[in-house]
Amino acid sequence: MGAKVSLIIFLTLLIASCSAKRKPYTPCKSLVLFFHDIIYNGNNAANATSAIVAAPEGGNLTKLAGQFHFGNIAVFDDPITLDNNLHSKPVGRAQGFYIYDTKTTYTSWLGFTFVLNTTDHQGTITFAGADPIMQKTRDISVTGGTGDFFMHRGIATIMTDAFEGEVYFRLRVDIKFYDCWSY
Amino acid sequence: MGAKVSLIIFLTLLIASCSAKRKPYTPCKSLVLFFHDIIYNGNNAANATSAIVAAPEGGNLTKLAGQFHFGNIAVFDDPITLDNNLHSKPVGRAQGFYIYDTKTTYTSWLGFTFVLNTTDHQGTITFAGADPIMQKTRDISVTGGTGDFFMHRGIATIMTDAFEGEVYFRLRVDIKFYDCWSY
Amino acid sequence: MGAKVSLIIFLTLLIASCSAKRKPYTPCKSLVLFFHDIIYNGNNAANATSAIVAAPEGGNLTKLAGQFHFGNIAVFDDPITLDNNLHSKPVGRAQGFYIYDTKTTYTSWLGFTFVLNTTDHQGTITFAGADPIMQKTRDISVTGGTGDFFMHRGIATIMTDAFEGEVYFRLRVDIKFYDCWSY
């Protein structure tokens, strides 16, 4: 009788693990990180971490374009920190690009990678997706990872934590992995 | 005896669910959508939904470059419709960029997101991949999703449904999700 | 007794297959390919396979920018070969873009697709991620595939196999798929 009960428990657990993709979903790993973007404006070469490299007709490379910056592409290599302080010790770099892609509001499209290199985290996390900047929180896809984040996938919730004019902005990124290939 | 048979059936079903990744594959969700791209050419600012923002040496930002537009990057915010009518009520926006990347034929590379916002669909679908434009149908990867498309992956089959000169084109996108994380 | 042992073996195998995502991971498919990039420099139009299409302020489109090429975007359509010989018969094309994204060392961000079209391989493989060029090997994410690589995911290890000045470089790409949806 005891054996039968054990078998039932065992099979129940087995089913649970096999159907791990059914809801409700809880992240298998979470991370909260900040990154800091300082756009080159012609006068801040020493501090700038990003640069406008493409602009629509009539635009230039030291000032974001009119019409909600539509058509600008910026390339960045931004410090990542554990808190919201630009001067905290970086735990890695956020590297990639963003595109301003709407004429009627601020939205961007992001393709970038977190390159983490600390005792806690070694590896990369790659993100892609639309960023409707004016919304308080917005979700983008985590499409891949390497190292400690080998084959991971998930969702990142982005918040604009602060900004100063058109030169500095800080994003808070809540990364939730739902597909972890743990070692 | 009955218990034994039940167990066998039970285990068979269990195995079937565990090896769900074996063929034949049927989509767990499908969508057919159209999007409409009107490239800015210097004279259509009011209607244009996309703009050339980068060009090879000798190119400019109001006319696609020679050599099969090799080297042009366009940024877009295109309306998505349920049918092939540009003037149908949009169900969302296709936002991102395309690159013309061959000198000997028309091919592009796409990175973009469908941002859907209707009573039927709330969420984003992100695409990436090569688009050999001259082929009747071509497949690109659906690399991620959010909202109703939480963690989804799949394949999108793209068809050029219509085009007018170098200013307007309409794409039909048959999205087939094979990895659905249903709520 | 024998039946019991069989059941235990059976269940053990079942668990093993259900928890296939536990380590150690062995690839379900592997490929080693090379691709060859010849950047347009103003004098090599006939041979060039890529072109600079965006540059930071002060840069131009026939010479990679100072400061470790920070801010350059190049678009490419490079031949893929099975060995390290530029003149071997191509098995496909590597199409997409790279961005130089750091001011203090050579790093880039890659978004590209292998379009393979041989008797051995028909389909596409899409890559995205950071490429810290100065490291001997670096891993990027394989975010999707089509055709023979339907829904595949994996990791690609990139090595700079050779380079000549700022005009030619050859990358060796060891692709390891860990998620194969075999037909």
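For clarity, chains are labelled A, B and C in written order, and residue numbers in each chain start from 1.
Note that contacts are C-beta pairs under 8 Å (C-beta built on N, C-alpha and C of every residue); 3 or more make two chains touch, one makes a residue touch a chain.
Each chain and its UniProt protein: A, B, C = Dirigent protein.
Everything numeric in this text was worked out from a predicted model, so none of it was measured.
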| field | Rigid-body rotation angle, chain C and chain A, from Cα fit (steps of 5°) | value | 120
| message | If more than half of the interface residue numbers appear on both sides, call it same; otherwise different. Which is it for chain B and chain C? | response | different
| request: Averaging only over C-alpha atoms, locate the centres of chain B and chain C and give their separation in whole Å. | output: 21
| task | Return the residues of chain A touching two or more other chains; collapse runs of consecutive numbers into ranges. | result | 14, 18, 53-54, 73, 111, 128, 143
| query | So in the complex, which bits of chain A are touching chain B? | reply | 11, 14-15, 18-19, 21-23, 25, 53-57, 70-73, 99-103, 107, 109, 111, 128-130, 132, 139-143, 153-155, 178-179
| message | Help me check something: in the complex, which residues belonging to chain A touch chain C? | response | 10, 14, 17-18, 40, 42, 51-54, 60-62, 73, 75-77, 93, 95-97, 111-113, 115, 124, 126, 128, 143-147, 150-151, 181-183
